[in-house]
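Order as written gives the chain letters A, B and C; numbering starts at 1 within each chain.
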Amino acid sequence: MRVYGKVGRIVALTASVGLLAAATACSGATSTGDGESKTFVFGASDDPKTLDAAYVSDGESFRVIFQIYETLVALKPGTTEVVPSLATDWKVSDDGLTYTFNLVKDVKFHDGEPFDAKAVCYNFDRWYHFKGAQQNGDISYYWQTIFGGFATQDSESAPKTSRYDSCEATEDSVATLHLKQPSSALLSGLVLPAFAIASPKAIEEGGTDLAINGDSIAYTGGFGTKVVAGTGPFKFVSWDRGEKLVLAANETYREGKPALDRIIFRPIADATARMQALQAGEIDAYEGVAAADIQAVKNVGQVVERPAFNVGYVGMNQKVPLLKNHKIREAIAHALNRQALLSAAYPEGAEVANQFLPPSQWGYNNSIKGYEYDPEKAKQLVAESGEKDLKLEFWYPANVSRPYMPNPQAVYESFAADLEKVGFTIVPKTVPWTPDYLQSIQADGKGQLFLLGWSGDYADPDNFVGTFFRETTPQFNLTDPEIQGLLNKGLAETDQAARQKLYEEANQLIFDYIPGVPFVHNRPLLGLGKNVSGYQPSPVSLEYFKLVKIEG
Amino acid sequence: MLRFVARRLLQLIPILLGLSVLLFAWVRALPGGPAQALLGEKATPAAIEQIEAQLGLDRPLWEQYVQFLGRAVRLDFGASLQTGRPVLEEMARRFPATIELAIAALVIAVAVGIPLGYLAARRYGTWLDSVLVSGSLLGVTVPIFFLAYLLKLVFAVQLGWLPTAGRADPRAYAEHPTGFYVLDGIVTGNLPASWDALTHLILPAIALASIPLAVIVRMTRASVLNVLHEDYVRTAEAKGLLAGTVTRRHVLRNSMLPVTTVIGLQMGVLLAGAVLTETVFAFAGVGKFMADGIVARDFPTIQGFILVIAVSYVLINMIVDLLYGLLDPRVRVS
Amino acid sequence: MSIAEEAPPGEPTSPNGVDAVAAEQPPARGLRGEAMRRLLRNPMAMVGFALILVFVAVAVFAPWIAPYSPKDNSWLSQVRPGAYPGPSAEHWLGIDPLGRDVFSRLVHGARQSLLIGVVSLTIGATVGVFLGLLAGAFGGWVDVLVMRLVDIMLSVPGLLFAIAIAALLGQSLTSVMIAIAVVNVPIFARLLRGEMLGQRAADYVLAARSLGISRAGIVFRHVLPNSFTPVIVQGTLTLALAIVEAAGLAFLGLSGSDPSAPEWGRMLTDAQVALTSAPQLALYPGLAIVLAALGFTLVGEALREALDPKLRR
């Protein structure tokens, strides 16, 4: 058959499709030109939940909120030191029940409303009068941590009493907080973005409705999703969920207009994909540089590290009979090759942990040596323990990256192999991080061995060891009068030197008891483009984009 | 013609009903039942009881099914466990992205697949034929997500020709009245934005096109081979018609019929494949939302996604059948 | 995501769109021998056979071929982030980011893949063939019922169907196998019913019926054996798909419960984390999946072509 006539034309057609693709390809790379306007694109791992600060406690929401709103007191960049912000100075009464804040003057919210003592008290009263679903522990987590309960107790899980009494606008620029009980953590707590002061008009006009359906929360109000107004260096512009969230410089910011004209938050869930986006110049910065990607990021930009203000640990639930045996716990501590894991899978700055407290936090006990990696000793301890059935469930969270644990599955696989080498039989258990994992481990105490960790919110040892062990929590099920007594004493004590001694003592007891094996204090990494400067990493992950500059 | 359409529409009813039964059974079989799936693991017994009463789970099964059907018809799948917003709203927002991607993939598959398939048939038995056939077999055996990663690594990261992620350059300004980004650029008179959206489509679309492309190549080849053996082609040749005329008049036109069917069927493959491709390219479509939903065990979303995709799949197939009828009068008669 | 799922609801074309003409007539012995000869002359089929042979041999003899246990992480101390020891005399394909021997994991992974493929095929084909038999043998309302069910199952794209089932059953190898098996059921059911319908009117069936042989007797002694060839063709293609589909499910987090167990799809997915610094770690399992699936596809397609009388010259 000789019917080849049209083949040539068809081939040409195919070729031209290819050419079209190539032509398109070439132009794609040139679409980033932006003239003089300085735009900073941050590769986030997810969208914020909402920009209503009082409703959230997650890092992605806080990162954006931190740029738009301000709090009464703030952190000195890169530290955990409390410095003035919307309050220029403050006085605490001797009984610790009255806080008088002198406020900055002539400041306006982004919607043009004046910032004054009334606005401050409006916000505090709003939080205190949270009702129903708003009292859910996930929604008003930080209010409950710092102030306790609400005007009324609508939810069984909400604290019964509140430390908050009232807020009084004594003068236009003086706000006075009255407490029912003193709290040593109050000022450190007020730096959290959850206590950001928002425009009362925006709150009222936008609306703050919530709809709770099981674990899912719908922010049905317009405030925080459509209407957003704070006093911060950047103003909310637009939010295209899943694609980008845009902020613009606040021209009238009280410290002067920031160097950046625009900030764009772009959600890319996967850390490798974020790295590739940085390589391609599509983003200027991202959080969560994998240890294996450090060199690749350095080739196109910079890697900066946050101070190690966290701890990752293998928890051991004392409800489990096998884990009640001290020899078994000791065996596990000696079986885990923590250094090998950190050298292989963590960035260089990561340190093997032996206490549930980072070394930079006062209260850390410098005389504790740590558990040696010694599989032979572990085997011997297992033999001495007299236990025959060495089967344990080992829980790890799926598809999540935490500051202390960039890749939980890798940690699990490594530790499980270590434990099987000394004779344990490990049964893997994995569920998604939220809500299942946290719920299973922290609330239901389903874990036997489990991976978890903590990133400090503020610089107080109680924020670490107190959270874990002061009370009997479902995750550890540890009831030890001595440890718990020391930790409660530490919280009540007001003398700094005495507190430090108490916490050091408690850390020794915890180390001896082995309710879990801390394995890492990690230094979380951020990747930045070559032309980015002024990015100041923060131990508590709150970084000021108003300090960031971008060249070219 | 109208009667043909009506009959095809009637035939849809049992399929859709059956599908709803299947989905109903699926929801009932979820660990802990539908109330637990709605509430998540934190659900207290009291909350579960309340929801069960609300959903009517204490009523007889058939009554529950009727209720389920009522909600399904209104496309009410409840709230997504990931975002707390209605699944329908979440899907509606993301659907244009996926459709845009699927169309781009289909265009690539057809534009490349038909000429290659035709070429293979015309060179039947030669090395070119073998290469094309083996290549198309390879196309169905490479996992889509693996291909997507490779494409991204080479063309976006190493060569830097195309963007690595997303639907548009975040720095560029664009408005999105329709949600179809390429179209939006044209509508708003912002052609650079269309161009930008197009560049973001290319890599995911190529990855997504791999399977349909392979299938279309082989389908076209088989179909053209069949037609070439038909008597009328031989007759035409014998009558001394020019080779080109034979091609245009008979071979291509007649061999396109079965290919049309296959193209329609590939829409289903494309929509399912979007779950994998969109994830690799952080492409904010329904596929990625579904993939995230699997990780988060967002059952309302999975349920809604399956129903919507299945219904569109069935509808597309019906439309293809109708088209087929238009192209081939024999079908209409039978 | 398959070459086998495109059968349109309500349209009795064969799964691949190529008319299953071969099936319409009972293949005589001579024809089968002829097909075999053509198969053996087809270089694609030979490559396919070779690939299958290697794959199956590796899977079966994995413990003897692999030098180390796939979970042994003794070489962790040699690993640094982004720098994974490459091929050496002790470790033919190097060491993975968690200090394990890549070659041993790859070899053991063949086992898992073959297991998933064979088990899901066996379940899917058995149930599908049974349903197809029912429909074809009884006709009438049984046929209508079964075929409606098949249409419904085919109205959900295969991968999506598998995802729904795997998500429902939770993370385990069993749920992956069941999910893939369920997707295969309608394909085999439709295939076998088509076969039965084609053969019902065949001379030998009519002859048997006139001799008074029972319906069951005709079905099991005559029709079923004659329908075997297309089932084998489909089965070969299905095995390939099962391997690829299992990888897709693994990518979405739906795979075995033990992350350390060597499974190609999972290895490929996990390797994405180190794609920049160690692309070979993704390439090995990726190639393994492609080659194994390609082996079955080549043989399946060659078989189909060999049996298609239209393509005979």
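Note that a residue touches a chain if its C-beta (ideal position, glycine included) is under 8 Å from a C-beta of that chain, and two chains touch if they have at least 3 such contacts.
Because the structure is predicted, anything quoted here is derived from the model rather than measured.
A.B. asks: Line, ring, star, complete or other: which one describes how these chains touch?
C.D. replies: Drawn as a graph, the chains make a fully connected set, so complete.
A.B. asks: Tell me which has more C-beta contacts between its two chains, B-C or A-C.
C.D. replies: B-C
A.B. asks: Give, as an integer number of Å, the spacing between the C-alpha centres of chain B and chain A.
C.D. replies: The separation of the two C-alpha centroids amounts to 38 Å.
A.B. asks: Between chain B and chain C, what distance separates the C-alpha centroids? Give it in angstrom.
C.D. replies: 22
A.B. asks: Report the inter-chain centroid distance for chain A and chain C in whole angstrom, where each centroid is the mean of the CA atoms.
C.D. replies: For chain A versus chain C, the centre distance works out to 45 Å.
A.B. asks: Please output the residue numbers of chain A that touch at least 2 other chains, ranges allowed.
C.D. replies: Within chain A, the residues that touch at least two other chains are 270, 276, 398-399.
A.B. asks: Return the residues of chain C touching two or more other chains; collapse runs of consecutive numbers into ranges.
C.D. replies: If we look for residues of chain C contacting two or more partner chains, we find 253, 272, 275-276.
A.B. asks: Provide the list of chain B residues touching at least two other chains, using ranges where the numbers run on.
C.D. replies: 153, 157, 279, 295, 297 - these are the residues of chain B that touch more than one other chain.
A.B. asks: Would you tell me which residues of chain B are touching chain A in their complex?
C.D. replies: Residues of chain B touching chain A: 38-43, 47, 51, 78-85, 93-94, 108, 111-112, 115-116, 118-119, 122, 152-153, 155-157, 160-172, 176, 192, 195-196, 198-200, 202, 228, 237, 242-244, 246-248, 251-252, 279-282, 284, 288-289, 292, 295-297.
A.B. asks: If you look only at chain C, which of its residues touch chain A in the complex?
C.D. replies: Residues in contact with chain A: 71-73, 76-77, 79-82, 97-99, 171, 253, 257-260, 270, 272-278.
A.B. asks: Looking at the complex, which residues from chain C come into contact with chain B?
C.D. replies: Result: residues 1-3, 5-11, 13, 16-19, 43-44, 148-149, 151-153, 155-160, 163-164, 167-168, 170, 240-241, 244, 247-248, 251-254, 265, 268-269, 272, 275-276, 279, 282, 286, 289-290, 293-294, 297-298, 301, 310-311 of chain C touch chain B.
A.B. asks: Could you pull out which chain A residues touch chain B in their complex?
C.D. replies: For chain A paired with chain B, touching residues are 1-7, 10-11, 13-14, 17, 21, 24-29, 31-32, 34, 39, 41, 211-219, 240-244, 264, 266-270, 273, 276-277, 279-280, 282-283, 398-399, 432, 434-436, 439-440, 443-444.
A.B. asks: Over in the complex, which chain A residues touch chain C? Could you list them?
C.D. replies: Touch list, chain A to chain C: 270-272, 275-276, 290-296, 337, 340-341, 343-347, 398-399, 407, 409-410, 412-414, 416-418, 420, 428, 430.
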